[in-house]
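The structure under discussion appears below in the form of structure tokens.
Labels run A, B and C following the written order; every chain starts at residue 1.
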Amino acid sequence: MSNVWLLYMGFAAVLLFAGLYCLLTMRNLIKLFIGVEVIGKAVTLGIIATGATKNSILTAQALAVTFIVVEVCVVATALAIIINVYRHTKSLDIRKLTQLKG
Amino acid sequence: MTPQTLLIPILLPAGLAVVFFLIPSRVKLVREVLAVLGASALLYLGFVFFSVRNLSWKTPWLGRGIDFDLRLYHFSAFILLGLTGFLFLITLYSTVKMRNTPRLREYYGYVFLTAAMANGAVLSNNFVPLIFFWGGGLLTLYGLITIGGQTSHRTAVKSLMLGGFCDFSMILGIGILWAKTGTLTLSEISVKPEGVLAAAFILMMIGAIGKAGAMPFHTWIPDAAVDAPVSVMAFIPAALEKLLGIYLLARIALDFFHLEKNGAMAITLMIIGAATIVLAVFMALIQKDFKRLLSYHAVSQVGYMILGIGTAIPIGIAGGIFHMINHAMYKSGLFLSAGSVEHRTGTTDLRKLGGLSREMPLTAFGFAVCALAISGVWPLNGFVSKEMVFHGALETGYIIFAIAAWAGAVLTFASFLKAGHSVFLGPRSQDVPRVKESQGPVVLPILILAALCILFGVYNKLPLQTFITPILDGHAAPGEHLDFTSHALSVFNPVALISIGCLILALLLHIYGWRRGGKKAHLASEPVHTFPGLKQIYDLAEARIFDIYEQGIRFLRSLSLVLFKGIDRPIDAVYDKGVTAVGRAFTRLFQSAHNGHYANYLAWCLGGLLVLVGVIGWFVGF
Amino acid sequence: MIFLFIALPLVVAGILPLIGKISPRLLPDILANAVFAALLAIALFAGPSLIGQGAGLQPFMFLGEPLGIHLALDGFSLFMLAAISLVGLCIGLFSVDYMEHYGHKAAYYALLLIMFAGMNGLVLVTDFFQIYLFLEVAAIASYALVAYGLGHEELEASFKYLMLSAVSSAFIVISVTLLFGLTGSLDFGAVSQALRGLNQPLASGVCAALFIMGFGLKAALIPFHAWLPDAHPSAPAPISAALSGLLIKVSGIYALTRIFLKVFGLTPALSNILMILGAVSMVVAAFLALGQKDIKRMLAYSSISQVGYIVLGIGLGTPLGILGGLFHLLNHALAKSLLFLNSGSIQMAAGTRNLEEMNGLSKKMPVTAATTLVGSLSIAGVPPLNGFWSKLIIVVALVQAKRFGFALAAILASVLTLWYYLIIQRRAFFNKPDEKWRDVREAPFLMTTATVVLALLCIVIGIFFTATISTWIEPARDALAGGLQVIQSSIGIQ
């Protein structure tokens, strides 16, 4: 566990917590989703950092690229859902999405 | 003949039953043809198996000694032949008699399913499949009784309860036997009925005789005689249940436990047998309905079988087993002839019928042969088997049993004289329009059974040597030779002469009662009915005081009322307020936590993660 | 041969939208069901002989480094594949009629096949990277499928599902990254070796915790379960069946089991954590199910509860416990799919999911009533159906390991389970029929066939459970045997 690695992971952790904070407190659907994206970037940073400091950058790159591709699919799906939600409720407030309870 | 073919007698009728359940109600001809063909195939198979005589098949099933074990040997092959034979005859009969019944689909389905269960039970060599098939028969019987009509539901429940009780007792007995011997395979068990094993003997005996319909587990049979279709009566209480019940009883007495002559168990059996003979035949005598009369006789004749086996003397046991197959034949024939009368005239009330012998000669002939056979008239099969039972009873040294058997014989013949006289002889009754003889498929089984009665009587060497003697191999003392046929038909011995005397007594009784009743045949039993002392007992019996099922139900009802008011209500209050309320409170608590907010849910996830990290960190040991 | 499990559904899913333009209903139906049938046939007939061989593929190189996708088939994987294909076939058959009024069947089947490709892939891989990949493939397909009807409810459920699941996937990747950092490899075998040698209990503990949270959310263990009661009811019925019956088990439980038994080894700490999570899920979800009015929501909570059973059994770690857990996995997959498909039949016939509105449907829908009864009794654990045996094995395993508290919790949960299933039976089928159900008819033939097949399997497996266990479950358990050594030596069971 080298110090450099810990430093990089620290940055990634900061991003992670920022994303989590965003998810916990924002009300706009798009902003929530950006929170997810930020978490995704944190993860990507972590992957690349690990790969760089552990001398296996190629595997790390593969993993990071895959992760980004998957993230893109998730973005597409999520935006499709958000658009449809907007068509239904005419609003982007997550508090409108609390019908399913209990 | 590979061992796997042993599965055919079980799977073929079961498969046919499924097919019958699926064929729509309107397609009648296909169903009838299929039923008869299926039953013929099974009968053919029965013959083939009987000639093969020895086959077994086994596969591990549930582990711990519970295997699916089938064994064909002389006894089970013999019973299997009987089962398939009766299936064939009843199916043939049903094609005409049951043609206009609603729920015909289910009828054939249940009949074949019953056959599958019975075949499985008789072939089983391991107690667990035996219990399974034995119990399966209860359910199909329930189904068949309910086909009879509106009121049949109550009787069906009664048969299920009584049968279930006997089954349960049998399972307990088997459990004790398993605990003591460590094996569940029928062919491996052989113990003395002492101590706790005596209890096992009694419990299993209850199961066997309950199935066969002895007292006091018989009370559903007379009710079913009225409520269920007559072909069901001819199939199950008359034939199948006797075959299965006495088969099991014989195995219990001969194979599993070594019954000693005049031992405690043997005496128990003989008492039950004798009591059944006498009490049931008294009830039979006074019946006004043809089918109920026959059903009480079915109960009474079981007494002979049990008495015979209880003597623990080879000739008595052989007599009991022979009586089983004979009874199945003539009782079935009697029920079928009652059904034939019902088919044409629409009634079986003895007060309304009369003088039908001219219009239904074949039915009358079949009835006459079977009635004479059940009464033990020379030279029919009933005479042979009854004589064997009498000999055995006398040899035990307790004359009382023989006297009870003879008393039964008197009243049996008297009641059949009454029945036959009422239905077929005497003046033609005005209550019933002119009729014709029944159709071929109805009359043919009756005649076949009558012919078999004659055959098994006159040529008794055939059944005795092929069927019965092999069963007793190994159970006779060395040196004692097992030849029952030599004196079977002889009338010049004291026993036979007493029997003939009984018959004459019965004839006199009947004529006396007939004359007293103003020459009305159905009143011929009135002198016995109104005999002081007997009359009160009869009235009580008609009020079902002696029916343990009814009494049991009444007792249970009052007990449950006491429990309900005294114990259940208070507990219920606690439970209702306490447990359910607590449960509901938890539910509401948890439900309120699911408020639909995403942030909320995410918070739990993250909180859970933190807890996990904390727990793991703690375990890792800081 | 093995890669067909992944390739075939993907390829067909790829061409389905094109085929959908030509023949919007018939060809997609036939193609999709043919794929399921083919996979089932391969799993049942070719599978057992292939166990032990790994099919290694090296399809592409990336900047000079080989990047192979290694697929390995062992007893556990084959068991899961068989279960997935079997339930998949029934779902496919059911969808033929059910999805008629949703429309766009080609797209639906394409998404369904992608989800199944993802699940199949998940059970076949030997590598953390691949697990994540196939996990996401299946998950993304499921997000779309949950939202399929595009009603307000579906969209809300799908959105929350997506958001929670994205977070969990992120945590999984974080954990994979940490492991990669610690051990320098992504392959199960290599990581497992390296972890034994490494002495960083806290770090590997953190990784384990992250995995539990990540996969626990996929498996819907409490407290990570909140998406499931919204997502499963809102999805169309066959999708509910696929999600509840398969996805939560494959992406959640299979992955957890594989990772913890193969890579980490089941230490007492992990075992206790899994058992507590399992027990809490079992009991709390049962209480929650009692208060539901929507039949599918009740079934969804029941899924959470039963997953708790499975995790409890597997978490116990003794051979019998794992056997019970795996057997319950199979039984629950069959029975829960059956129940969700039947709820779809009811919804199609009566137009409602509200238990207080439906009354006395048994006369009009006898097949549905009978199969629902079989499914309910199976999950409630009534002999001689299959659920009884698996629950019994789990309880016996708990008692043998002297964890009596957990055994009591299991029995309590069983009682609660029976309670709310009887509520379903009574309300939906056995009350006096309402007037408005006069015109209700039984579901179409394919739908009833699918449910009858599942019901028959429940009964047959219940009767022949010893044969089922020895053919399918014991090889699965034996394939996991490696991780058992660790726990056995610490609990002291021989």
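List of remarks:
We take it that a contact is a pair of C-beta atoms (placed from the backbone, for glycine too) under 8 Å apart; a residue touches a chain by one contact, two chains touch by 3 or more.
What you see is a predicted model; the values in this text were computed from it and never measured.
Innermost chain of the displayed assembly, by C-alpha centre distance to the whole-protein C-alpha centre, is C.
Here A-C and A-B were compared by C-beta pairs in contact; the pair with more is A-C. Here the CA centre of subunit B is 50 Å from the CA centre of subunit C. Inter-chain spacing, taken between the CA centroids of subunit A and subunit C, is 26 Å. In this assembly, the C-alpha centroid of subunit A lies 75 Å from the C-alpha centroid of subunit B. Those residues of subunit A in touch with two or more other chains are numbered 20, 23, 32, 97-100, 102. Multi-chain contact residues of subunit B (touching two or more other chains) are listed as 591, 594, 598, 602. For subunit C, residues that reach two or more other chains under the stated contact definition are 159-160, 163, 167, 229, 288, 291. Residue ranges of subunit B in contact with subunit C, taken from their complex: 62-63, 583-584, 586-588, 590-591, 594, 598, 600-602, 604-605, 607-609, 612-613, 615-617, 619-621. Those residues of subunit C lying in contact with subunit B across their complex are 159-160, 163-164, 167-168, 171, 201-202, 205-206, 208-210, 212-213, 216-217, 223-224, 226-227, 229, 268-269, 272-273, 284, 287-288, 290-291, 416, 466. Residue ranges on subunit A touching subunit B, taken from their complex, read 20, 23-25, 32, 94-95, 97-102. Within the complex formed with subunit C, the residues of subunit A that make contact are 1, 5, 9, 16, 20, 23, 29, 32-33, 36, 39-40, 42-43, 46-47, 50-51, 53-54, 56, 58-63, 66-67, 70, 73-74, 77-78, 80-82, 84-85, 88-89, 97-100, 102. Interface of subunit C with subunit A (complex): residues 62-65, 67, 129, 132-133, 136, 140, 143-144, 147, 150-153, 155-160, 162-163, 166-167, 169-170, 173-174, 176-178, 180-182, 184, 186, 200, 203, 229-230, 234, 288, 291-292, 297.
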